[in-house]
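Below are structures written as structure tokens.
The two complexes that follow have chain A in common; it is paired with chain B in the first and with chain C in the second.
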Partner chain A sequence: MTDLASGRAGTVQPTSPTKWPVRLAVAVAALGFPFVVANDYQLHVGIFALFVVGIGIAYDSFVGATGYRSFAHAAFLAVSAYATAILSTNGIDVGLAWLAGVVASAVTALAIGAVVLRRVRGFVFSIVTLGFGVIVYVVANAWVEVTRGPQGIYQIPSLSIGTFGLNSLTRYYYAVLVLAMLVHIVSLLWLRGARGRRLLAIRENEDLAEACGLNAYLAKLSAFVFSAVLMGVMGGFYAQYYTIVTPDLAWLQWIMLLMAIVVIAGPGHRIGVICASLFLVIGPEILRAGQSFRELLSGLLMLITVLVSPEGWTPTIKRYLARRRAAARR
Partner chain B sequence: MLLHADNVRVRFGGVTAVDGASLQVAAGEFLGLIGPNGSGKTTLFNSITGDQKVSEGRIHFNGQDVTGWAKYKRARAGLARTYQNVQVFPEMLVTENLIFAAEARGQSPSPQRVRELVDFLSLTHLAHERAGNLSYGQKKLLSIGLAVISDPQILLLDEPMAAVNPVMVDLIAERLDALNKLGVTIVLVEHNLPIVLKHCSRVAVLNFGRIIYNGPATGVRADDGVAEAYLGRAYSLPAKVPS
Partner chain C sequence: MIEFIQQVLNGVGLGASYALLAVGLALLLGVGRVGNFAHGDIAMLGGYALQIIVAAGFAYYYASIAAVVVAAIISWIAYHVVFRYLVLSRNTNVVFVGSMALSVAIESAALLLLDATPRQVTSPLAGSPLIMGPFVMSGPRWFSVVVGGGVVLALVAFLRYTDLGRKITAVGENREAAQVIGISPEHALAMTFVVAGLLAGVAAILLVPILGVFPAMGIRLMLKGFAIVIMGGMSSIPGAFAMAMLVGISESLAVGYVASDLGDGAVFLLLIVFLLLRPTGLARLTAQS
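Showing the complex of A and B:
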């Protein structure tokens, strides 16, 4: 049986029975969080943390699975948030606008990926995608008639179905909880079995994968677009929750946050990606520090990770726990 | 002809690694391809499989001109190979390696088939080990498995026995013979001459990117050009073939 929470794409790991109590505790904590918070700000931190979990997983669905370090994903987030914002502030139903945001993100990824993934790998891929991110940032700033430039688009409406609307923090909390879960599960299902193996093979040795007969280009492109779809889902949520989108969404702090999550966790380690996302949001909050502290913390942790545990912390911690369990049995 | 490399030339800047070499392989053959270090054997393989673009010449496979084809497409058409620097997917289990290799060509292998191949490669006790944990020789066997699981028409092997202990060499040789008997066409690049002469019916010799000998294995040792290419004029090849 494949362990959905921690199974690496393509690899089969047994589910240990001790995991269920842990899962139950996590579920209770996640569902009960709005009832124990002291104030709206803490609830907002919870919402933001789950949002980051969602984008972290979306990002890792490509980067962790293929090993390609993309710098374009913050731009996908921005494209989707902007599309949602522009359409919904121009009289189009928010639900449709959100959907359009997802499509816009996917189409953008398809266009970029179709060109870039055919030609370049490794470092060059990173640089080219970074270039694309910068272009989106510049366009968001300069195309004032559509994006309203640096001041951004505000008063974005939020989704309501019938009489039920996203009109309280608690509802936003549960909405983002559902979204993060959805992104997590859909991504795991998508990466299961043969597709997971294909992407793992690309990550391990793309030349050999091709020599075995794999059309690596198609496999990478579909993973790129898939992860952009997940990004797009989260981007539409962002627009509705913050009710404002600005060009900063495409700027470096977001891609650095995503990068930090994957590097610290270890690419492709789902449980680590979730923990790192929560940690990078909640850690600075506990220390009552602002965003610039989070950036400092991410940078520092990335540096330490690369020096001490270059594969990320998940495999290191897992090995440590396994050793302790083995020692305890003796 | 199953495979026809026609007047292939590959240049790397000033170096002409393959210099107008032609090679024909008939279905069912077990061909040996030998030559001194740097004579262009690997590069010729690379041009056949699409790992390397040719500067001149054509590659025909199964009646089709595959010269412009992407590597994965040639593999799907039935061209399989192993690499001189042994390559597997280290993070995957041995079985996963094989399953992937079959899936990559659009097949879904039965567990039975995977088990049989694992046994055939003498990796039974390591079936659920990470490939990265295998010994060098075991990796070589697994890399042959990656190439053969999808029933290729032709198998290009780049020094599958180099740096492998003698027991493993015999095992690999025996497995290759078995595959050949099953109908797989094999081209073997190998510096271990006795092995080549023992298993291959025909031998082609490359030197400075040119084919300088192409004929029965029995004639290789007697050929002056080959002896000179390998050892210089003053020497000759060892006369006896150890059995």
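Showing the complex of A and C:
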């Protein structure tokens, strides 16, 4: 986890100018994807993959920045998707409902963070946040008058501004591409500078950071709420794209996917998080694998990562590439 | 009032088997600082062993012994294949995430090989409830109170009076000091995994006649198990036992009085109340982790 030796923060690494050709290629590929797909199914996989990239980045902007393994983030996704769904199916404008979803997610995070972040650390934090996820799941199942229970809320309308509406897969694709980019850039800007360094100090040694006069609780809480806001943005999109929201959104498969992304990539390594998200979505689709097989795959991959390269693959691969470059220069 | 006491009795029946799981978790946390999320999946596999052996025509009691042994062996294998390497990181977060990955792998493999529908095992005690005046305790439930209580007492005696038990306790108290006087912490931890596996196996044979056995069972049990050990003081065996009873009872009351699908949520509401009211009690725990 320590990038301190090289004097760099995990989440706010400076970019090198030689990467521009690669970036251009990625941009062209991302923008041109809808024109090369063979069918709607492939386009759907693209939308889903970019959605997962978005939530992966949102999750990592807390987990990677603070080192705390939160299990409540799937609950934020669910809270925001439910708020968007409930309001928009009751006649409120979709844009406003989406905004309300983001606010609901942020308020949930504020409440949970205020209870938990001052009191527990380490894996106890993981368990307690997991508990909040379970509570959201149970409430979504049991509060039938509002959430319609296990059958979920369906026929959720989607956003339209004037005559332009989110009504085709291609439009959804570009919408989620913009959202994922937005989440990425906003989180990079937010983690830049003093704030990012404060969180890095907490991640590396919280007691020492506090001894230096840093208010760790406030810094952690703001990061928690911030990443919940990003999660909320993606949750509102989820509701509109899938047009159905069920309690399963708060259950374990989503948080396990987020966990797998961050563990495999290495917390705080943005490129790795993006690659791992794409890999974990597209890989099983190419293999035509079912849900259980997908989970088995991500479970085994996570296990191998933790055993072989506990800080994730990104730093390991980076070190390997650097060594090879150094060897080539000699 | 009769209804209330009846629900409490039902809760005690559940709590006894939760206690076995939670005590195993507490033991692993105390001896090796291992938060083992796959512990419930070991119980789940023990439950399947029980179901398969009973379905093959053997008696419940023989099948139970075999299932407990299977669970202990799987736990021992899990230590040697996974946890032996995870604990080298000396980071409780890494150990916990690794155990979670193992849990996901075991559960999804079970889903692929077996199927999601719960399988039932009929206890031979199903037809012999314990009747105390107006109160009734079903066969599997009073059996689990008797066996659960007995096994926890046996465990306490094992830790206090046997050579191996004392070694395990010593490593939990002070790893370095134990090493200095010639106790191998690795061996002690491996044996702790065996003991925890035995406890998980006993919990499985008690729970399966009540709840059935299904792949997601392990994760469901661990959600409760970890809530229990956090409230009970992490590595404290009496704490885990008491909290398991409290959780069993409150779950049973929530199901009886509020709604049948509220059981899982009740446990965590209890945990949050605990966090809010006893932050000092938990501060001691955070120092450990």
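One rule holds in what follows: the second predicted complex is superposed on the first by the 313 of 330 C-alpha atoms of A that agree within 3 Å, B and C clash if a C-alpha of one lies under 4 Å from a C-alpha of the other, contacts with A are read in each partner's own complex, and residues count from 1 in each chain.
The rule is short, and it goes like this: contacts are C-beta pairs under 8 Å (C-beta built on N, C-alpha and C of every residue); 3 or more make two chains touch, one makes a residue touch a chain.
Quick caveat, the model's predicted, so the values are computed rather than measured.
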item: Superposed partners chain B and chain C on chain A - clash or fit; value: fit
item: First, second, both or neither for A:Arg23, with chain B first and chain C second; value: neither
item: First (chain B), second (chain C), both or neither touched by A:Arg325; value: neither
item: Superposition-derived comparison: chain B or chain C, residues of chain A touched; value: C
item: Partner chain(s) touched by A:Leu200 [first = chain B, second = chain C, both, neither]; value: first
item: Touching partner for A:Ala209 - first (chain B), second (chain C), both, neither; value: first
item: Which superposed partner A:Ala142 touches (first chain B, second chain C, both, neither); value: second
item: Least C-alpha distance (whole Å) that remains between chain C and chain B when both complexes are overlaid; value: 11
item: Common interface positions of chain A, toward chain B and toward chain C; value: none
item: Contact set on chain C toward chain A in their complex; value: 35, 82, 85-86, 89, 91-98, 100-109, 111-112, 219, 223, 226-227, 230, 234, 259, 261-262, 264-265, 267-269, 271-272, 275-276, 279, 282-283, 285-286, 289
item: Residues on chain A engaged by chain B in the complex (per definition of touch); value: 8, 10-12, 194, 197-198, 200-201, 204-205, 207-216
item: Chain C-touching residues of chain A, taken from the complex the two chains share; value: 67, 69, 115-116, 118-124, 126-128, 130-132, 134-135, 137-139, 141-142, 252, 256, 259-260, 263, 292-296, 298-300, 302-303, 305-307, 310
item: In the complex, chain B residues that touch chain A; value: 49, 51, 70-72, 75-76, 80-81, 83, 87-93, 96, 99-101, 103-106, 108, 146, 150
